[in-house]
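In order of appearance the chains are A, B, C and D, and numbering begins at 1 in each one.
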Amino acid sequence: MNKLSRRQIAWRLAQDIPEGAVVNLGSGMPLLVSDYLPPDREIIIHSENGLLGIGPKQTGPNPDMNQINAGNVPVTLLPGASFFHHADSFHMIRGGHIDISVLGAYQVSEQGDLANWSLPQGEKAPAVGGAMDLAAGARNIFVMMELFARDGTAKLVRQCTLPLTGSGCVTSIYTDIAILDVIAGHIHIREIIEGITLSALQAELDIELVVSPALSLLRAPALDE
Amino acid sequence: MINKICPSPEEAVKSITDGAVLFLGGFINCGFADDLLDALYAQGTVGLTTISNNPSVGERGMTRLLQDGRISRMICSYSRKPGTSLIEDLIDAGQLALDIIPQGTIAEAIRCNGAGIPGFYTRTGVGTPLAKGKEHRDFDGVTYIFEPALHADFALVRALRGDRWGNLVYDKAARNFNPVMAMSKAFTIAQVDEIVTPGELSPEHIITPGIFVQQIVRSRKT
Amino acid sequence: MNKLSRRQIAWRLAQDIPEGAVVNLGSGMPLLVSDYLPPDREIIIHSENGLLGIGPKQTGPNPDMNQINAGNVPVTLLPGASFFHHADSFHMIRGGHIDISVLGAYQVSEQGDLANWSLPQGEKAPAVGGAMDLAAGARNIFVMMELFARDGTAKLVRQCTLPLTGSGCVTSIYTDIAILDVIAGHIHIREIIEGITLSALQAELDIELVVSPALSLLRAPALDE
Amino acid sequence: MINKICPSPEEAVKSITDGAVLFLGGFINCGFADDLLDALYAQGTVGLTTISNNPSVGERGMTRLLQDGRISRMICSYSRKPGTSLIEDLIDAGQLALDIIPQGTIAEAIRCNGAGIPGFYTRTGVGTPLAKGKEHRDFDGVTYIFEPALHADFALVRALRGDRWGNLVYDKAARNFNPVMAMSKAFTIAQVDEIVTPGELSPEHIITPGIFVQQIVRSRKT
C-alpha cells in the first residue's frame, strides 16, 4: 500500500482549498497544510490568537515571538493581513466567517461527530483550546488524520467512544488511505490509495462506506519530510 | 487573486432584490453609504426593511428611499427626521411600519448576529414600554430582558479606505455602526472613499478585516 | 425668585463633575454642560456615537461633519481622545464604564424613575436613541431640567405618568430652583435658590422633600445666553 | 490631571490581596504581563484564581506563581504546560483546581462581564462533556448552552504603548486576550513597554480607550 505520509495528507488537503477561502489550521498536523497551499491561489489563513493573512514561517535567527500562530510558530504576514483581539477572533469563528477549519482527530463518527481533545483515560491537564469553537462555528471541518491508530483500531467509527469536541460537524476526512466526506449521516469515500481494494478497506471498518460515483485514486507527490 | 472591488455602486447593489432586509451604517447623517443607497434608489428596489440608528438626515440615500415609499419597515432607535414630518406622514398613509429599539441594543443585537449568538440579556429597557412582551429573567437579583439578534440580508457600510481583500478603515466618528454591521452575517457591501493596495493599511490599524466584506466600491467624486 | 437659566443649571451641574470623570452628555440641554467644565479638571466626555475625550465645539467655516457628537455638533478632540464603534461604545455604557450620564427629563419620580423619551399622547415617530442604555448603564444619572413645566405642573412626581426611560436610575436632579438627590426612594434637597422658602417649594410638590443637613443656597454666576 | 502611571510593578500590584481573582492576558507565552506577575510573586500573594488562556509557557510570571502553589484555581482553555508535569503534579498534590472552558467562550464570557451582559448562549461545546450541567436552549431549532459571564477582581494586561489616560496599543499577536480583559469590569493594570504623551497615539489607532485602564506601569528594561 502507498499510504500517504502526514505531509502528503497535508499536500492533498491543501489542493482542495479554493481561491479566497478563509482557513484556520489547528496546531499539530494541520499546520503542515500551510506548506503546500497552491501558490496560484490567494488563501487567507486565520489563527485564533488574532491574525488573518498569515504567510510562510519566519526564518532567521531572531524570530519575532509576538507574531506567532496558535501553534507558537513565528510566522510572516501577507500584504492585507490584520491583527485583532480574541473576542473578535472568535466572533469570526463562532459566527461562521471561517470557511474551513482543519483539525486533527482521535475519532470521527459516521454522523460527523469529532473527538479530538481528550483521551479515554481522561487527562489531568486537558487542552481543548479553540477546537470546540472551531467545530461548532466553522462552515466546513476538514479532519486530517491517519485512518487507523497505531494499534490498528479504526479512527472512523460508528459512534465516538472518546469525549466529543463537536457533534455532526465534520465535512470531510483526509487520511493516509482515503478521502471521505460526511453527507447526511453517511461516509462517502471519494479517493482511495493504490494497493488496497475498497472491499479490503470496508472489511477493516465498522461503518458502511458509500462509494462516490467519482471515486478515484488518492495520490500525492513525494515530499521531503 | 482575491478581488472584491466592484466597478460601480450600480453594479454593487444589483443583488439586492425587492423585500430585502438591510443594515445601514451611519449616525444622524454621518457615515451613511449614500452612493450605494442612491444606486438602490435608481434601481427601483421596493419593499425594503432597514435597520439603522435613524432615518438619515440628508437629502440623499435613505431619505430618497423613504420619500418614495420604498422602505416599508424601519427598525431604528431614533425615528424623528428633524424639520420634516416625512416619517409621520408615511405612517399615517400606512406605508411605513416602525420598530423602536434602544441604540445600544441595536448595536449589540447586530453584533450577536455576526458572532453566532442568538440574542442577549440586557438591563436596558427594563420597566419601560419597550420591554413589553419580552422574556424577563433575573441574574444575581437583577432583572434583564432578552433581545434577539437582528438579521439582515445585506449590510451597506461606509468607510474611508479599503483594499481588494475588503479590509477597511473609517473616518473618525463616521465609524459608528459600520464595523459592527460589516461583522454581521449579512452580505456586506462597502463604499470607500479611497481604494488602496493590500499592505497599505497597517495590520495593526485595520478596523474591519476583509473577511467580513463581500464587495467594495469607490465613492463617486463629489 | 432667582430661578437659574438653562445655562446656569448647566454651569452648576458642571461644578459637580469631579476630576477624571467619564461623562456622557445627552443631546439638547445637557450638551450645554460642556461649556462650563472647570478648566482646572481633566474630564473625559464620551459620546455614544463613538468618541471619548471631546473638547470644545469646532469653530470656523468648514466644520468636519465626520467628527460630531451625538447631538450632531462638530467637536474638537483633546489629546488622548479615541474613536470606536457602536458595540464598543455601548459596551462602555451598558457595562458601567461611564461615571456620569447627564440627561434631560419630562418627569422624575421619588424612586428615581426617569421619563424622558415619549410624551403622554405618544409620538408617531419616537426617539429613544441611547437614553435607555444610559439610564440602565451609567453609574450616576444627573438629570437637568426645569422643576416645573410651562403649565406649572411639577416634573418631580410621586409616580411617573409618562412612559419610563429607566427605573430607579436617577442619582441627582439639577433644576432651576433646587438641586435634589435621590437616596433610597426619597428626594433629598441639597440646594435651593434665594427667594423661595422650603415650605413654599414643598407646597408645590406632591412628594415629601427630605432636607439635607447641609442645605445651602443654589447660586450660579450671570452667564451669556 | 489624570495620571494613571504607577512608578513600579511592585507599587501597581499592591492592592491585589490573597484570594483575588485575576484575568491574565496572554497566549502561550506571548503578551503576558510578566513584570506585574513577578511583582505579585515577590509580594507573596496566595490563594489566587487565574483566568487565562493557558498557564504561561515561560519561566517567569504565572509559572513562578504556579510552581510556588500560589494559584489555587486555574480557569483556562488549555492547561498543558509542554515539557513539564507541573500542572499534573499540583493537581495530584491537591493544590490546584482546574476549570476547562473553550477558548472562544472564555473570550466572550469576559466580554460579557465588561459589557453588562450576564452570559451568552453558544453552540460551542454542545454535545460535549463541557456542556454537562449547563442550561440548554433551542433557538430556531438549534441547541445552544448558556455560558455565564466571567468575573475577576483585577485584569493584568500587557501592551506596547500607553499614556497617562490609560490608552493602549498592542504589539501584533501579543494583543490576544489583553483588550478584552482590559474592557472588563475588573480593575485593570497595564504593563506597557513605552509610555507616551496623550495625543501621541492616534485616536483612530487606539485599541483600548483609557477609561478601561486604572493603572499603567512601564516594563522593566530587559
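Everything below uses one rule, namely that contacts are C-beta pairs under 8 Å (C-beta built on N, C-alpha and C of every residue); 3 or more make two chains touch, one makes a residue touch a chain.
What you are looking at is a predicted structure, and each value in this text was computed from that prediction instead of being measured.
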| item | value |
| --- | --- |
| Mutual neighbours - chains that touch chain B and chain C alike | D |
| Chains contacting each of chain A and chain C, listed by label | B, D |
| Rounded Å distance between chain A and chain B, as computed from the means of their C-alpha atoms | 36 |
| Distance from the mean Cα position of chain D to that of chain B, given in whole angstrom | 33 |
| Chain A-chain D separation of Cα centroids, rounded to whole Å | 29 |
| In chain C, residues with contacts to at least two other chains | 83-84, 90, 94, 136-137 |
| Chain D: positions in contact with at least two other chains | 108, 111, 115-117, 122-123, 170, 172, 203-204 |
| Interchain contacts (touch definition) - all pairs | A-B, A-D, B-C, B-D, C-D |
| Parts of chain A lying in touch with chain D, wherever the complex brings them together | 47-51, 64-68, 70, 72, 83-87, 89-90, 93-94, 113, 118, 124-133, 135-137, 163-167 |
| Touch list for chain D against partner chain A, complex | 27-31, 53, 57, 77-81, 87-88, 91-92, 98, 100, 102-108, 110-111, 122-130, 170-180, 207 |
| Residues of chain A that touch chain B when the two form their complex | 19-20, 22, 42, 44, 46, 52-53, 77-84, 88, 90-92, 94-97, 136-137 |
| Complex contacts: residues of chain B adjacent to chain D | 108, 115-123, 139-140, 142, 144, 169-170, 172, 203-205 |
| Of all residues in chain B, those that touch chain A in their complex | 1-2, 111, 113-117, 163-165, 167, 183, 185, 197-199, 201, 203-204, 206, 209-212 |
